[in-house]
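Consider the two complexes below, in which chain A is the common component and chain B and chain C are the respective partners.
On to the complex of A and B.
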């Protein structure tokens, strides 16, 4: 039986939980409320929290007439290829950190983590000029290259954790069968670590989806923008009378990230937690 | 497989000569090349550029300390630095307190089998995956002083006076901090949740035998056990907060005036709006130095056994 003090404490727990949940949910529900309104209802403000004539037209207008379908596609392409690149570049190093015992291993892993703390701005200022010299300004290739570099530190750590979980006896069996070390890595370790690699990939995609500064600086042509840049420019060009469209565009921006997160919440949380405990 | 055996096996493999037919550095090469090209070289170059008169538009550049002097004697710099300090400190404290509260609630809920606490965790995390720029756009709709502004709309319904959330300088800073805490809390929550789960339960059992009240258990057991996690987390989110400005850019654009212009935004504006590459490089190096000094300061308070 729960004591009276226990019940009181449970009530207090729920009261606090509801307050905190409200703080985190209100912005998103307000966004949904605005996105579903007709232009007239925007001006009713909070009194029309639940729209009287909810409409999905705003989404169609934003996707079709304002080019957001293209921005979505650009964002998917940039964040997907960037994430894939990070995983490919990070995998061999993560494998070495997981399997080999060499001098300076711990120091190198900490150094890679420290790199993560360098502001994107510090590296972007010189990189902007290099990309210009290389002819990669205004290209998706240039943006993807920078995404790969930015995602690298966390990916090395996530993949090392994933490889740590693959039993070493399986690799030894492969070695007895005459596999070389790199072949073992490709054919045995990588497939067995695929759940961990998938969550590293998705987490990278979510982080890349949020990237704003890199594409904003690198790309000036409308047709190449990912959705983060598009929403910023769109917000600057809208007025009070088109707020319903801005809200719909904003919802379209955040929904893919939230859906990806909800689908893979367990994997993402455990990946973050593993990093948190070790870091 | 039992852990000791796994460890013994891994040690055996690690020292077997044929296991390292490819030298270890070859495995590290791709990462090292990328870090060298995209981090080390640019940082060195930013440092070099700070001592030149380079502009974004190109042209010949020569070495000088005049750019550095100009940046450091800019009359706006003290305002920018104090904005940065207020924004960062308030964000870090806010995120840690709220993150700790959520983590404690979720852990307590799990221990007492209270349903719904996982939902709370999910809601908090959902805010974390919202892109920073969208965060600024969303909060500008909440703080807006137009009819569709949510917060003033509710205040009007309650017949309370409305607040100039974004057009009053002091309020604008508060608004930017609230938006930032909304997004950043999830990270603290996850780190502190993991740390709470790893506290040895026997400590609490001993305290319960002694009849220690809840707040004493929190103050004398939980908090000291969390010290390392809180410090590491503070380093991470301090640096993260110093480095990002996309939410501020979309919410206030640094204004009104310079009321919410932080150092990273100032550096960005210097390079990409005033085309002053040298000055912007100097500011970004200053940002890097501040990050390093703060990280070192936090490390001083780290409990020795955790290092």
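On to the complex of A and C.
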């Protein structure tokens, strides 16, 4: 039995969901439409939304391009190493938050989350100077270091949830079996928390993959760019005769992130909300 | 295989004293059961022995060594937890072998030890399985296998049977005892279930509110409880208690209960109770010290309230002088609920309790 108010609320929810979906899906379908066109059809613009002679040639052409593959590789390297770094650096902090009952624990968890709220834009200029001072401008190491730092807050939270899911009694059993703290962590806690850690790793990779600002200001040499920066630069210099290629490149770029998210959707959502229900 | 000594052991969590003044000498290979209601400090005591909880006060010795500051691994103990605490990412064989890895044993030696333990517990067929694929009883056995494979100095059990159904619990009780006979090892077993305590223990340690109330053999604590708490906690159905006064009646002693009836006190108790004439006391009588019969020369009529047939015997509940009470009856001679029946009292089993400090007056 659904009350009338309930029906109205449902309709409103669906209407909002449709609007939000349209907001993201319209540009995406437009991109698909462009990527499947021949150069001639590009000139029809929106008047011929479904191309008459759809073609996959654009994708082939982009994927054969040495430069494009290099951008993809750069993006993979930066986001992968950045994510791995975040997880490694966050793990000890998350473990301490999960296992040790110290004063100010709740406040510190909140403080870490507060850092997450600070927009990257705000700190961009000091960060740039700082990186310059460290001599890390124009290096992948510098970009990775920033990715690690940016990813830390949410990673600490996600890993704390993952560690919370490992019963303390298992660590006690290992202690009785003669294992020290660190060995217990490596042999018991870490493997049992690994699904949660994998989710954190992939979520970080997706976030890093879509990073634009940081590599844009840090890297000026074409050969070092990740795909996000490269596409932006090409979009600036694009002509109608290359639009179809750019669209194909864009699709190829967002595809890994979408695929990763769809595959791991359940794991990620449960990792993000795990603490929410239990409180 | 080592004696264990607890000397004035105490544990405080912040300002809360969870356990105080625990003095206990456990002999080599003895099977000791700590029993008491939930929250009385059994687990805390056991965890101090295991090294999972720091010791706030007192001294703990295993064998000749003071182990207060040794890590759990250095104490050479093994523990079986209530929820088994099996490592979910390892199969049964790996679970059992996990505690052996630190012992400089060859692969073959480890394998032999695991097989040995598995055979002892009848879980050879399960060695390749993950804990997830085991029943509660099987997990229990694996947890015991993990403990036994190391041949530790002391076995610790924290309510290991409370997650099992009644039938399996009774079966595992016997198996743990048999295991103890085959692999004699000092064992400290924690439970809130007095039946487990009575059936398994060489000696029972009854705890309440963080202190030991009494230590003794199962029959000791049953027949000669030191305090009202022990008298009430051990035995099912519980001991009956009647408030009243101890009075002299000519040559004899009587205990006068609330409704004015005077129950005769055996002459043998006279000297033990002489200091307590005229005092308000509590009489304790187990349900088997009463009987539904008019055979004796002293009976009281009561109206039965509830009748519980258990097969081997029937428990009859009634009120006497404002106190709820019960009596064991033979099933073929049990009254129906609501019937008025005569009760006989065998006062040779009586206990007198000082209500001020809850102690049972010794006799």
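Rule of thumb we're sticking to: the second predicted complex is superposed on the first by the 244 of 279 C-alpha atoms of A that agree within 3 Å, B and C clash if a C-alpha of one lies under 4 Å from a C-alpha of the other, contacts with A are read in each partner's own complex, and residues count from 1 in each chain.
Assume contacts are C-beta pairs under 8 Å (C-beta built on N, C-alpha and C of every residue); 3 or more make two chains touch, one makes a residue touch a chain.
Keep in mind that this is a model prediction, so the values were computed, not measured.
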Who does A:167 touch here: chain B (first), chain C (second), both, or neither?
-> both
Give the label of whichever partner, chain B or chain C, reaches more residues of chain A.
-> B
May I ask you to decide whether A:255 touches chain B, chain C, both, or neither, giving the answer as first, second, both or neither?
-> neither
With the two structures laid over each other on chain A, which partner does A:176 touch: chain B (first), chain C (second), both, or neither?
-> second
Examine A:191 and indicate which partner it touches, taking first as chain B and second as chain C; both and neither are also allowed.
-> second
So, does A:8 touch the first partner chain B, the second partner chain C, both, or neither?
-> neither
First, second, both or neither for A:134, with chain B first and chain C second | neither
Considering only touches as defined above, state whether A:28 meets chain B (first), chain C (second), both or neither.
-> first
Set intersection of chain A contacts, chain C complex versus chain B complex | 167, 169, 172, 175, 180
Chain A - residues contacting chain B, complex | 6, 9-10, 13-14, 16-17, 20-21, 23-28, 30-31, 34, 42-47, 89-90, 92-93, 95-96, 99-102, 108, 112, 115, 117-130, 145-146, 148-150, 152, 156, 167-169, 171-172, 175, 180-182, 206, 209-213, 217, 228-229, 231-232, 235, 240, 243, 246-247, 250, 253-254, 257-258, 260-262, 265, 269, 272-273, 276-277, 279
Using the touch definition up top, name the residues of chain C that touch chain A in the complex.
-> 50-52, 71-73, 77-79, 81, 83, 85, 87-89, 98-99, 101-102, 146
Can you check the complex and tell me which residues of chain A touch chain C?
-> 167, 169-170, 172-180, 188, 191-192
Complex contact set, residues of chain B against chain A = 1, 6, 9-11, 13-15, 18-22, 24, 27-32, 34-35, 37-39, 41-43, 45-46, 49, 56, 98, 101-102, 105, 108-109, 112, 114, 116-117, 119-127, 129-134, 137-142, 146-150, 152-154, 156-157, 182, 185, 187, 190-191, 193-195, 198, 214, 229, 232-233, 236, 239, 242-243, 246, 249-250, 264, 267-268, 271-272, 277, 280-281, 284-285, 287-288, 291, 295
